[in-house]
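For clarity, chains are labelled A, B, C, D, E and F in written order, and residue numbers in each chain start from 1.
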Amino acid sequence: YDLQEFLLMEKQKAQLNAQIHEFNDICWEKCMDKPGTKIDTRTETCLNNCVDRFIDVSLLITNRFAQLLQKSAM
Amino acid sequence: QVKQQIAVANAQELLTKMTEKCFKKCIIKPGTSLDSSEQKCVAMCMDRYMDAWNLVSKAYSNRLQRERHRM
Amino acid sequence: QVKQQIAVANAQELLTKMTEKCFKKCIIKPGTSLDSSEQKCVAMCMDRYMDAWNLVSKAYSNRLQRERHRM
Amino acid sequence: YDLQEFLLMEKQKAQLNAQIHEFNDICWEKCMDKPGTKIDTRTETCLNNCVDRFIDVSLLITNRFAQLLQKSAM
Amino acid sequence: QVKQQIAVANAQELLTKMTEKCFKKCIIKPGTSLDSSEQKCVAMCMDRYMDAWNLVSKAYSNRLQRERHRM
Amino acid sequence: YDLQEFLLMEKQKAQLNAQIHEFNDICWEKCMDKPGTKIDTRTETCLNNCVDRFIDVSLLITNRFAQLLQKSAM
């Protein structure tokens, strides 16, 4: 476990955090209506689903884009 | 290799923008899975976004040419 | 020290986002001072934003684990 | 046609692409209502005009700003 | 020269923001040319944006001074 | 008054300008309805208050965050 490994892991942590900030930004706008005294179940479910569906959309688009590229290369 | 890096950067930016725009347009209330109507909407949105990109790109290059002629 | 820098960067980004989002949600018509209902709204909005951050963070790491298992 | 020229041209291409991404972002919001099975003529016209009018506004503002600066310098 | 670079960067940022904001406010439905009412709107919007910039800039520097006195 | 001092001051000026651009962006959206022939008193008051309240919110959030951190560290 040396310095390079440590730096790489810290860099990945930073990227992970940046990604969480971005998801939180998008899903806050999608799910949070008026902030109340606590997060209700509906909002909690929405936030969980929002992250998963955003990743689904991202994967769907990336895979479909790769397919289109392949088709056009043939 | 520089050329390839730019092409990759361009594709990456396109994928990021499409994901963001099409998620906003097609996923109104995020459910427990992407249902088939959402999947269809995303695929259509993606095609239209690339159509728009090509149209905008052509409109911009046309304008650049017209401006160059005027100078 | 790298670790601390990232923690600081992360906190700073969180503070910036919370300020922006909660100003937008709680200060509808900016008056001559933050009145008590606006202050309460900002405090509540801040707590909810951090709750949301934790939920989103957990949902994301759960998903990453599921994807890893599938591979 | 040497390396420097090649790098400069690639840089310009990258800037051009960044500009197109920005235009597409703005004009997508302005012109695209609901994505359908193809881009209809109204949307196509809107996108074309959107790019040209955005450039018009940008030129108008830049030129007017230069004039104001000149006046204030006299 | 550093001074000039900052002044140029500042003006460029101002031009970019004004173009974006005034396009959004004044060009509701992009037509085949900028008509005279759109041109008038853009000119007015530009003047108001610079007014706002000056007001905001003064309000901010006033606040900075007040905060410094409190310390 | 040497070069380093000069560069530091110029850097601070640049940060100040970036901050003003950000405030102006936020407060323009909050206060400006339709740009008219001049800024009316209501808009002027709104812009002034907007800057001050935004800074209030920023201070409130930063201080409260520091308190929460301290409590959780005990």
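The rule is simple: contacts are C-beta pairs under 8 Å (C-beta built on N, C-alpha and C of every residue); 3 or more make two chains touch, one makes a residue touch a chain.
This is a predicted model, so every value here is computed, not measured.
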item	value
Touch-connected components when chain F is not counted	one piece
Contact-richer chain pair [B-D vs A-B]	B-D
Averaged-CA centre spacing for the pair chain E and chain B, given as whole angstrom	29
Separation of chain C from chain D, taking each centre as the mean of its C-alpha atoms, in whole Å	34
Distance from chain F to chain E - Cα centre to Cα centre, in angstrom	15
Contacts with 2+ other chains: residues of chain B	14, 22
Of all residues in chain F, the ones touching two or more other chains	27, 31, 50, 52
Traversal of the chain ring from chain A via chain B	A, B, D, E, F, C
Chain E partner contacts - residues on chain D that touch it in the complex	26-27, 30-31, 46, 49-50, 52-54, 56-58, 60-62, 64-65
List of chain E residues in touch with chain D within their complex	11, 14-15, 18-20, 22-23, 26-27, 29-34, 38-39, 42-43, 46
Contacting residues of chain A [partner chain C, same complex]	6-7, 10, 13-14, 16-21, 23-25, 27-28, 31-32, 34-39, 44, 47-48, 50-52, 55
Residues of chain C touching chain A in the complex	2-3, 6, 9-10, 13-14, 17, 21-22, 25, 41, 44-45, 47-49, 51-53, 55-57, 59-60, 63
